[in-house]
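Following: one structure in structure tokens, then a few remarks.
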Amino acid sequence: MWQLFHKLGSPKWFYGIATRLMPWLLVGGALLLLAGIVWGLAFAPKDYLQGNSYRIIFIHVPTAFLAQSVYIMMAVAAVVTLVWRMKLADVFVKAVAPVGLVLTFLALFTGAVWGKPTWGTWWIWDARLTSMLILLFLYGGVIALDRAINDEKSAARAVAVLVLVGVVNIPIIKYSVEWWNTLHQPATFKLTEKPSMPAEMWVPLLLSVLGLYLIFGWLACLRMQTEIIAREQRTRWVKDLVMAGRH
Amino acid sequence: MSNNPVRVHAVAEGVGVAGAMKAVFMRDMKVAFRQRQDLLNPLLFFVMVVTLFPLGVSPEVSFLREAGAGILWVAALLSVLLSLDHLFRHDFDDGTLEQLVLQPQPLFLLVLAKTLAHWMLTGLPLVILTPVLGIMVHLPGNSIGILCLTLLIGTPVLSLIGSIGAALTLGLRSAGVLLSLLIIPLYIPVLIFGTGTVAAVSEGAPVGAYLALMGAFLVLALTLAPFASASALKISMSNS
Amino acid sequence: MAFDSLSAFIAMEGHGPYVWTCYGVFFLLLAGLMVWSRHRRSVMMEACRRNYERQDQGQQRAAKPAATFTRVEVSQD
């Protein structure tokens, strides 16, 4: 058990695994994502309430879903950083936070553009939109704190504390924003999925969610590799790797 | 780190946990009353921000009555935020904080004492000032009462959550702005329920449940925030 | 196929601009992030390589001791 843990904590080992894994993640992710999107855009039936604008769902839901689960993954990594001081965990948090920020922005953007034909306005203070906006702030805070601290080790631990404080707050924020929303406006404006989505709609949606997950995996591997090279540049294996010249 | 930790230990061991907390608390109060301007600044800021709203948006009684509680809450939140930078800064600069970290007593209790002092020096005066400003924005009497009550429960939460941010950004270059970036998202639930409670009163709805929820926030913040800020403090101290 | 013609597919019954803006921004940002992340790794490798070369041909100083790359503090019981 600890042997495996040791291995998992080794940047060198991870670098090798990531190199081997990345082509699969990229190809698989791109294929799934494109299949889901093409299916959703051209073949899935029209939604009888919202018309064709609902086709934004095939990118909106994957980005929103991933934006939230990336934060959860970061929180798990933060626990690992604080408890076991595993280097790879904080490499992960650092590498992945900007990706989470971009995904959150995309979820917000697609939500806003979707809102225009559906609700007749670009932005409403809908509970979900608002909590996504707050998630964007949380990502921004994590990135800003990480940039502000020069010392690598304290940056890692400080960011881990912040991520954990954030993750404790996320359910509270979500709940209070929902409560606030019902207080301020009638529920008619709420974006609700229809209870039963036909298979021609949810299968492509599932494909694009999976595809984006794999693309995220690829991005995470790539960015972690970059971070590992930066941190381990004094080691023999990184020198061999870099001097071998194969990128 | 410290030149002479032995002496501090010897003093601290004699007093016990409660005594140490009391010592930290009293010291912060004394230091604050020697620099009275630092005490006044957040209050002045509070009054000024509230003044901006009638000037900037509308002096209409109907608008102010409707938005008044929100304005006061946002202004209070910002003034607490403004004062947070001082929470650990002076002690960090003159080395007192290092001594605190080295104490035999658990650091989170000492941090709790410091945060409590911070609240007494900023949050509490804000609450006391609120009725005056409440009258100025034409809030009805019962709303003012509830507003004070929500601020009384809410401002300690602001201080507690804020202490985490203050500890995390300690010793950084642009600490002030960074602190706001980190902390404002975490303040949102308190703000929502604080203003929501006042809104419920003005609609004649019962407020017991809202107040209970705010109390729950306070208990949660009291139990969790000191741990987080203590560990953040340790990280920041090892950094410098 | 949910559409009769290509022009109908592009128009999306008037919702085309919204749908295509979303997909455009999505692909632009995602591809941008992917390309940029890749670029950053090559830049990093290039910088490291130049560093190593300078060290090697430079004053022939003794190489800095290789750091250990795992420091997992666990009790081995």
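Chains here go by letter, A, B and C, matching the order in which they are written, and residues are numbered from 1 within each.
Definition applied: contacts are C-beta pairs under 8 Å (C-beta built on N, C-alpha and C of every residue); 3 or more make two chains touch, one makes a residue touch a chain.
Just so it is clear, the structure is predicted and the values come from calculations on it, not from any experiment.
Visitor: Going by CA means, which chain is nearest the middle of everything shown?
Guide: Central chain: A.
Visitor: Select the chain at the greatest separation from chain B, using centres from the mean of Cα atoms.
Guide: C
Visitor: If you average the CA atoms of chain B and of chain C, how many Å lie between those two points?
Guide: Taking the mean C-alpha position of each chain, the two centres sit 41 Å apart.
Visitor: Go ahead and note the Å separation of the Cα centroids belonging to chain A and chain B.
Guide: Going by mean C-alpha positions, chain A sits 33 Å from chain B.
Visitor: Once you find the CA centre of chain A and the CA centre of chain C, what distance in Å lies between them?
Guide: 14
Visitor: So which stretches of chain A touch two or more other chains?
Guide: In chain A, no residue touches two or more other chains.
Visitor: What residues of chain C sit close enough to touch chain A in their complex?
Guide: 1-3, 9, 12-16, 18-19, 21-23, 25-26, 29-30, 33-34, 37-38, 40-42, 44-45, 48-49, 51-52, 64, 66-67, 69-74, 76
Visitor: What part of chain A is in contact with chain C in the complex they form?
Guide: Within the complex, chain A touches chain C at residues 2, 5-6, 9-12, 37, 41-46, 51-53, 55-56, 59-60, 63, 84-87, 98-99, 102, 105-106, 109-110, 113-114, 116-117, 215, 218-219, 222-223, 225-226, 229-230, 232-239, 242-243, 245, 247.
Visitor: If you look only at chain B, which of its residues touch chain A in the complex?
Guide: 164, 168-169, 172-174, 178, 181-182, 184-186, 188-189, 192-193, 196, 199, 217, 224, 228, 231-232, 235-236, 238-239
Visitor: Spell out the part of chain A that touches chain B in their complex, as residue ranges.
Guide: So the residues of chain A in touch with chain B come to 82, 134, 137-138, 140-141, 144-145, 148-149, 151, 154, 157-158, 161-162, 164-166, 168-169, 172-173, 175-177, 179-180, 183.
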